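Presented below are the structures under discussion, each in the form of structure tokens.
What follows is a pair of complexes built around chain A, which joins chain B in one and chain C in the other.
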Partner chain A sequence: MIRIFKKEEFNKAVVSWLGEFQVIGPKRIGNKGLFYEPIEAMEDLYLGPGITVEPMKKFFLIPSEYLNSSSVPEKNKRLIVGANPCEARGICLLDKVFDSEYKDKFYIDNRQRTTIVGLSCIAADEHCFCTSLGGDPTDTRGMDALLFDQQDNFVVEIITEKGSQLFGALGKELEADEKKEWQKNKAKKKGLLKKKINAPGSLGHIFENEYWKEVSAGCLSCGICTYLCPTCHCFDLVDDERKKLRCYDSCAFSDFTLETSGHNPRPTKKERYRQRVFHKFDYFKTNFGENLCVGCGRCIRSCPVKIDISQVIANAPI
Partner chain B sequence: MENIYQPHLAQIVDIQQETLDVKTFKLKFKDPSLQDSFDYKPGQFVEFSVPQEGEATFCISNSPTRKTTIDCSVKKMGKVTQALHELDIGDMVGIRGPYGNGFPLNELKGKNLLFVAGGIGLAPLRSLINYCLDNRADFKAITIVNGARTSKDLVYKTEYEAWKNAKGTQLHLTVDCQENNWTCMVGVVPKILEQIQPACKDSVAIVCGPPIMIKFTLPVLLKLGFCPEAIITTLEMKMKCGLGKCGRCNIGNLYVCKDGPVFSFAQLKRLNYEL
Partner chain C sequence: MLKKLKDKAKELLKNKQVDLFIGYKRAADKISAAPGFITQEEQADSLIWDAYCVYNLASYLMEFPGKKKAIMVKPCDARAIIVLLQENQIKREELFIIGLECSGVIDQKRGLAFDEKCKNCQLPASGLYDLFIEDKNKKDKPAKPDDFDEYESIRKSEAKSLVQRLKFWEEEFSRCIRCYACRQVCPMCYCPKCVAEQTMPAWFSKAAGLNGNFSWNVTRAIHLAGRCVGCGECERACPVGIPLREINKKIEKDIKELFNYETGLNIEQKPLLSSFDKSDPDEWIK
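Right after this comes the complex of A and B.
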């Protein structure tokens, strides 16, 4: 179902949702950039071009959280507004890990109590490469509804029942000319992406290649790429008093696989960086049929030594 | 929905000092109904937690055919195992599991079995050995080669008599160097295999021990005619969640905790695994 409404109408709706939901959306924080944060007033919500520094996975896979049965799960309903399509695709990939064979109730609870309303990208920068990995700025996978900015209006594509509850009564259905304009707008968005690379089919045969040593040489093992990745999900389990704490962890860290005996199966940056690339572009594909990367470009934007995973896979000697 | 990370309280009902730094803890769930319903395959493992110290992964070393308790043998190494060694009979720990694939019992049925163990590597094999002895008719000849650095490092000594006397079963014990009053074999495990020349026909070799032992045992087994599909091992790798999610124990696309820990050498070769 597709509907259209004035932006003022939408703003009023957001204000009314503030009573029912914890509303979360991109918010500009000083000169640090955009971050997904709880929205207190309409002015906080930023619905323009750009991408948040952190992905929205932090609302589903919480950076540090107690996993005891006695810990009371948060029950309040949440609404995320303004998520980029690549974000929601990232969540679909996390679903394959946390809502599959062994079900992670903490993640699933967070999924169920959250409604995701996306905003089709208004711009893409030089690091975005979603279209190279099967996504695009109008992708609705993982969304409950997706907004399109159309001058004074928003057009919304309603995907799920949750989305329909929010938008079913807002505005009206599109007239023929409005629909035509929306389709034109939508088609144009697919061309926003300037960077196009070829993702490899599999990498198994170049596992031993010296290439991995070369591309990881500059890596500082800082782990920022994994923390800011919408699909990286490795974690540590720590005992805190009598409670079990889950914290984000990273395959970039040398102690991630270090065993008590002193043996480390991934002793150098070569093995660790190769693990990250293989997990994303080979192992996950073997196990779940998709790359574990949505092309959001965060790891490229934030890497202190400018390692560019899109170039690493594009130039792999396959 | 069940909390997959939640350990269940278990009590230490007995402790056996195996060697200077290895103890076997015998555990029972605090909840008797959990104890009754707890079922597993030889080769599966549990996440064992000492409250406030953390979790560590241990295989269950007793056979499911003898499961009055859950036995875990623990070598004193790091933070969790040191804390474990401080515990006494009656103390409480946490357990979650069982995890992992376990040994492929159906593929082992009707075969000659060659068990090759080094040091504490006997722990997962002990579960399978006793399982096979309790289902003796399902298996052909059983040969056990068990080695340790010194006689003091041999584990499960109280079992040897029963293994030696079991029908169609041979036990070869060996230590690395000659000792006073030692009457069994002398030499590292691969050397002993070369000496006893176990038959490869209709046989499966099940190998577990330190990496160095496995590295030198593998070529000997291949030379004896065992194919990589008929050599299986159970791997140790740093594990945390036991559920294939936390991301550290993978070899290629497979997780040691979920898809293993039991693999054939044919599989490990395909996965680029280096011994």
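Right after this comes the complex of A and C.
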């Protein structure tokens, strides 16, 4: 179902949702950038061009959570407004891990209590490369509803039952000419992407290549690329004050694969960075049929030494 | 200037004076710089030098023990090399230090033509460099006003109440994702096993909650007391924009006022925490 309404109408609707849901959306924090934050008033919500520093993954796979039954979060309903299409696709990929053969109760609870209303990209920057990986600035996968910014209006594509319940009778259905205009504008969005690369088929045969040493030479072994990735999902289980804590972990850390004996099967940055690339563009594809990367560009934008995974895979000596 | 640099790099690699040249190359985005590691003479043409060369390459030095290394340094980066030498972490005879005259670097994240640190840049003692390349086309740095106070923001913060300061830092640290980029990028953070990675005992919670975040960031800052050279890499690397330099600057200011000590400016100087002076302000030390 596709509906159109004035932006003011939508703003009013958001305010009305504040009572029923915990509303979360992109908010500008000083000179730090955009962050997903709880929205208390309409002014907080930013629905413009740009991308948040952190992905919305953190609302589903919580960065640190105690896996005790008593610590299951309060099951309030949540609404995420303004998510980028690439991120919702990221959630679809996480579903393959946490809600398929193995069912992760915590993740699934978070998924069920959350409604995702996305926003088609208004702009893309030089780091975005979603179209190279099967994505699209107007992709609806993973969304309950997707907004499309059209001058004074939003056009909304309602995808799921949750989305339909939320939007109810807001606005009206598109008339033939409006639909045409929307489709025309929508088609243009693909052109936003400046970067196009070819994702490799498989990488197995270049596992031992010196290329990995070369591309990882500058890597600092910090966790930025993995923590800010909408699809990276490795975690650690630790005892924290007699409780079991699950927290994010990163294959970039030198102690990620450190064994009790002191042996480390991934002793240098070469093996660690290669692991990240292989997990995304080889192993995950073997296991789940897709690349574990949506081309959001966060790891490129925030890398302190400008390692660019899109170029790493584009230039891989396959 | 660039030609001189490339020629020197070629010469050093050709004559096997060094095994590795640590410099800057153009990043994949074709605008920014990235660290470059050169081992072949012909790769020297990929070297660059401009205002995008923000990284403090000194943080890579300890990765190559036993290798002879040449390194490109801005005068501010050289301070880190001085501290690493003072702390016996690198060998002077393994290093060929190329100093580059610098007109200030940009702050890409905040879109500023000059990084905050460039406003008060101090040159370390001469004599550290094996080669210093001057810039004939040197641009004027932003003029330093007469009443320039490098600790202005610190004084403002000191004037606030403890409760206000706590609130400010709680808000900042609440965003910390514990990616440890601040630690990894820091040339002074070289502990073989960081306190944050120790599990027996675990000194503070691994959870990215406020308690653990506070402990981590404060521990990091205190461990850099008298060692931080103010290169600002921690703050630049922080993906969530925590003003980490402010904490280290506060410590830097206290140390300057208490002990008249500035880090990494003089190779002959002993590290602050391993030196003893009877004029120390505290009574107990006598």
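Odds and ends about this structure:
Note that the second predicted complex is superposed on the first by the 316 of 318 C-alpha atoms of A that agree within 3 Å, B and C clash if a C-alpha of one lies under 4 Å from a C-alpha of the other, contacts with A are read in each partner's own complex, and residues count from 1 in each chain.
Methods note: a contact is a pair of C-beta atoms (placed from the backbone, for glycine too) under 8 Å apart; a residue touches a chain by one contact, two chains touch by 3 or more.
Computed from a prediction, not measured in an experiment: that's the story for all the values here.
Looking at the shared chain after the overlay, A:302 reaches chain C, while chain B stays out of its contact range.
Contacts of A:63 after superposition: chain C is touched, whereas chain B is not reached. Of the two partner chains, chain C is the only one touched by A:248; chain B is not. In the superposition on chain A, contact is made by A:236 with both chain B and chain C.
When both complexes are overlaid on chain A, the residue A:32 reaches chain C alone and has no touch with chain B.
Common to the chain B and chain C interfaces on chain A are residues 236, 238, 241.
Across the complex, chain A is touched by residues 1-7, 49-55, 77-78, 81, 211, 236-238, 240-241, 243-250, 252-253, 258, 272 of chain B.
Against chain B, in their complex, chain A makes its touches with residues 67-69, 97-98, 101-106, 108-109, 204, 207-208, 233-239, 241-242, 244, 246, 249, 251, 256-261, 263, 265, 275, 278-279, 282-284, 286-287.
The residues of chain A lying in touch with chain C in their complex are 29-33, 35, 53-54, 63-64, 126-127, 217-218, 220-224, 227-228, 236, 238, 240-241, 245, 247-248, 250, 253, 255, 300, 302, 304-308, 310-311. Put simply, chain C touches chain A in their complex at residues 27-29, 32-37, 55, 59-60, 110, 175, 177-181, 183-185, 197, 199, 202, 205-209, 233, 236-237, 239-241.
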